[in-house]
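Across the two complexes that follow, chain A remains constant while its partner is chain B and subsequently chain C.
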Partner chain A sequence: MVNTWIAATLVAVIAGVVGFFVVLRGAAFVAHAIPHGAFGGAAGAVLIGVNPIAGLGVFAVGGALGIGWLGRRGRHDVATALALVLMLGLGALFLSFSVEYAAAIYSLLFGEVLGVPSDELLPIAGLGIACIAALAVLYRPLMLTSIAPEVAEARGVGAQRIETGFLLVVALAATMTVPVVGVLLMFSLMIGPAATAGSLTRSPRNAIALSVLLALATVWIAVAVSYLTNLPVGFFVGTLGAVSYGCARIWTARRRGRTAPA
Partner chain B sequence: MNQVLRVLFAPGFFASGPVHAALVVGAVVALVTGAVGVFTVIRGQAFAGHALGEVGSAGGSAAFLGGANPLWGFMGIAVVAAGLIELLGLHRPRARDVATGLVLGAGLGLAALFLYLDATSSSTTGVAVTILFGSLFAVSQQMLPSIVALSAVSLVVIAVCYRMLLLSSLSSDLAAARGVPVRALGIAYLVIMAVAVSLAAETIGAILATALVVGPPATALRLTKRPGGALVVAGLIGVAAVWLGIVLAYDSYYWPPAGHGWPVSFFVVALVFLFYLVAGAVTGIAQARRSRRSESASRLAASGCAEHPGDAA
Partner chain C sequence: MSVPTLDPSADDAILDVDGVSVWLSGREVLHDVRFRIMPGEFTGLIGSNGAGKTTLFRVILGLQASSTGSVLVGGRPLTRRNPIIGYVPQKVFLDPDMPLRARDVVALGLDGHRLGVPLGWGRRRQAVDAMLDAVDARRFADARVGNLSGGEQQRVLIAHALISRPRLLLLDEPLANLDIRAEGEVVALLARIAREQRIAVLISAHDVNPLLPVMDRLVYVAAGKTASGTTAEVIRAEVLSALYGQHVDVLRVHGRILVVAGAEGPSGVTVEETDGAAVGPDIVSLR
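Up next, the complex of A and B:
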């Protein structure tokens, strides 16, 4: 249980920070596709008897590079969709070969936050630090290419290199979080809190801080309730994300409605 | 000749009832998703299409829990999700992206809950795999009439709205100026897409349905620039991928590891991806050749070449 709290907290911090950029860049599809597709790699790793994290890492990084490469030659969303289904199709193939699939697939897809072994904490923390470091380096060019692509181009910031870097950060985040919390939890945690924070504040620094806080609150509540009710943790995270965004939207709309006539 | 056929089609292929049903359902679904998918790709709604498929899996698992056919569950939730995406995602593309993501997250949460309840209430553990990854060979014969009817309705709606839909997909401003109800059409389109994705989810699985909705249309749009032609080409590519996938999956019972077929969804997805790459390579080569030809032609013209005096005249 202690391991779960530590792992969930680490995951929430990373998801909150990376999620801010995902929402800013309108990259929700990629943020969904990379962790989800990486699931195929974990299935393959289980099949050949390697640590699932290695399979996840290979598929996540391969998927990120593949999406970047295909996206330059065609529509970006089409490239993302096709890369995702190819990785998942491979996952389906690997699953059909392995013997005990139903339980394994379920925990990979929807997480098993209540059973984190302590030897997985170190790699999770390491990947998390790598993620934050990469984002700290990329922070200024990422903001520039996200908000004012023309200015970035004029300043000689390579939009494509930044895009690839960003995809790799998402891949890193996916690798560290999927084995703990599952594809679903990871994606919901990146989108829900960041979207809520984005609709409440305009300043990027405040939005990142708020997004991390909301992600932490979401995960802690979800883990606690899941522990009490025995229902899957992914259900609570997904629902809480949508509910918090809905509340934020209603609140801002009412505030705007109150100030507008005055 | 007979031997060639035997190598291509494993014995018993043409006599098997499930294979017949799979061939018919696969072709019908591929035609519908091809037609609907061309608009999905033109409108840039691949994410919404994928989200509807995955959210639908919540409905599929809920229907399984209640003992109903998963198709109705898929469709009910997918249509509701389509409405929510349209409602939340105002007019800006980025808001739409986030709205789709939120609906997808919430839907996946419900799917987690229902799949968990499925697994605990019935002792069959394979439900998650069937709903998420599907199997064409497991499509029940009784569902055939409903699948064909739903497909026909979707195709008719697409045919009736074809001109309006195309105009609003290419330029919503122009369509609005011409008096096309863009908002209503957008919602109607998402509902049709929800139906098409649900049909695909029933056949190749909820999370792989995207392959049929996005792959063949994107391939077709690489090969032809005319939208009408793209609808036909997308349908044909989809049917080719599904049928080849069925043949390969049937044959794979004789491949290693022996006595265990490879999943048909995998073959369909792999073929769809392969077609997309090949189409890109073909158009790339054609474009390079065309530009080289025009380049050498202009060089000839510039050097005042006398080889073709008639050209200059």
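Up next, the complex of A and C:
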């Protein structure tokens, strides 16, 4: 149980920080595609007898590079969708060859947050620190390319390189968190808290901090309630994410309605 | 075609565009463009949508290679990341849901291209506040930038471009989507910046009229060709007819200008520069 709390806490911090940039850049579809597609890599890894996490990592990074490269000319959402269907298709193929391990792979979809072994905590923490460090280094160019990519280009910032770097961070975060909380949970944890935080506060720094706090609260409540009720963690994380975002929107709309618009 | 008015010594020019042509996918988008801008000069780049204004900006910014000709900025050949140039693009994504204040956008103009987290918050904050004061945007410094009006957002973007202390400010259609009052305020602000800080301003617009009171010179773009000079020199039926390759009439009504083209065109008369605004006595007449 202690491992569960530590792992869930680590995952929430990463999802809160990475999610802020995902929501800022309108990259929710990419954040959906990379972890889901990486699931196919895990299936392939099990088939050839390697650690599923290695398969996850290879597919996540490959997907990120593919989306970055295909999205260079043409539409980003199309590149993302194609990368996703290709990786899922490969996953289906691998699964059809390896019937006996299918159950273990399906658990990646929903994670095993209630059964994290101790020796997995250190790698999770390490990759998490790497993710946050990379985002700290890319912070200003990420913000600039999010609002005015042409200005960034004119000032010598390669918007494409920044974008690919960001996709790699998402891939790294997915590799690290998917075995713990699963594909679906990771996706909801990246979007719900960050979107809620973005509508509640105006400054980017406060939004990142609030996003992490909300992700932590979401995971802790979900794990506790799931433990007590024996219902799936994913249900609680998904519901909390959607409900908190809905409440935040209603609250800001009411506040704007009361005070005269600036 | 260029008719320089001020002392045209090329050494002093902040921008010298000399015979630039650009071919994009087999089509000549710009043909033999040449003009000069002196420090502190206010220049309008006038032309309808698709005339090649944005392409010309991309050439000056070093984002688009020209097929022929040369561009000197501050007397030096083009480089990417030229600190002399400040740029306000036409497309900026300021979503109301973004957790981003006006002051954050301005701060990104200071050091948004650098890696790492910003240090020296106190100094940064002072510089940002001073810049917001200079464009009269201090009162909405802490507002969510996506919720600001079009005119307020333009002020923030101008501050974003000016905070790195450029000597040439490029603005791509900053008056598009502004109401008449905001349009006048933004033009007055830009004219003041050009005059007081000796920053050369090159502003693109599809309508010449809002810029008439403040423009020193203009560059008129039509079908990839340009003519430059003062308003009186360029906005003439002979000059514009030569540019468009068909007969064009220039009408002056209460100090406003209408360019009317296409007497023999298939769809009859088309009005190139229209303005829905009522013609009022407050419009400064041509020099």
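By definition in this document, the second predicted complex is superposed on the first by the 255 of 262 C-alpha atoms of A that agree within 3 Å, B and C clash if a C-alpha of one lies under 4 Å from a C-alpha of the other, contacts with A are read in each partner's own complex, and residues count from 1 in each chain.
To be clear about the criterion, a residue touches a chain if its C-beta (ideal position, glycine included) is under 8 Å from a C-beta of that chain, and two chains touch if they have at least 3 such contacts.
The shown structure was predicted, so the numbers you read here are calculated from the model rather than taken from an experiment.
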Partner chain in contact with A:29 - chain B first, chain C second, else both or neither: first
Touched partner set for A:148, first chain B, second chain C, both or neither: second
First, second, both or neither for A:234, with chain B first and chain C second: first
Chain A residues touched by each partner, larger count belonging to chain B or chain C: B
Partner chain in contact with A:206 - chain B first, chain C second, else both or neither: second
Chain A positions touched by chain B in one structure and by chain C in the second: 26, 195, 198
Residues on chain B engaged by chain A in the complex (per definition of touch): 41, 44-47, 49-50, 93-94, 97-98, 100-113, 115-116, 119, 125-129, 132-133, 205, 207-208, 210-211, 214-215, 218, 222, 257, 260-263, 265-266, 268-270, 272-273, 276, 280, 284
Chain C to chain A touching residues, read off their complex: 61-63, 80-82, 85, 87, 89, 91-95, 97-101, 104-105, 108, 111-118, 140, 142-144, 147-148, 160-161
Interface residues, chain A side, partner chain B - complex: 23, 26-29, 31-32, 36, 73-75, 77-78, 80-82, 84-86, 88-90, 92-93, 95-97, 101-103, 105-106, 109-110, 184, 187-188, 191-192, 195, 198, 231-232, 234-239, 241-242, 245
Residues on chain A engaged by chain C in the complex (per definition of touch): 24, 26, 136-141, 143-144, 146-148, 150-157, 195, 197-199, 201-204, 206-207, 261-262
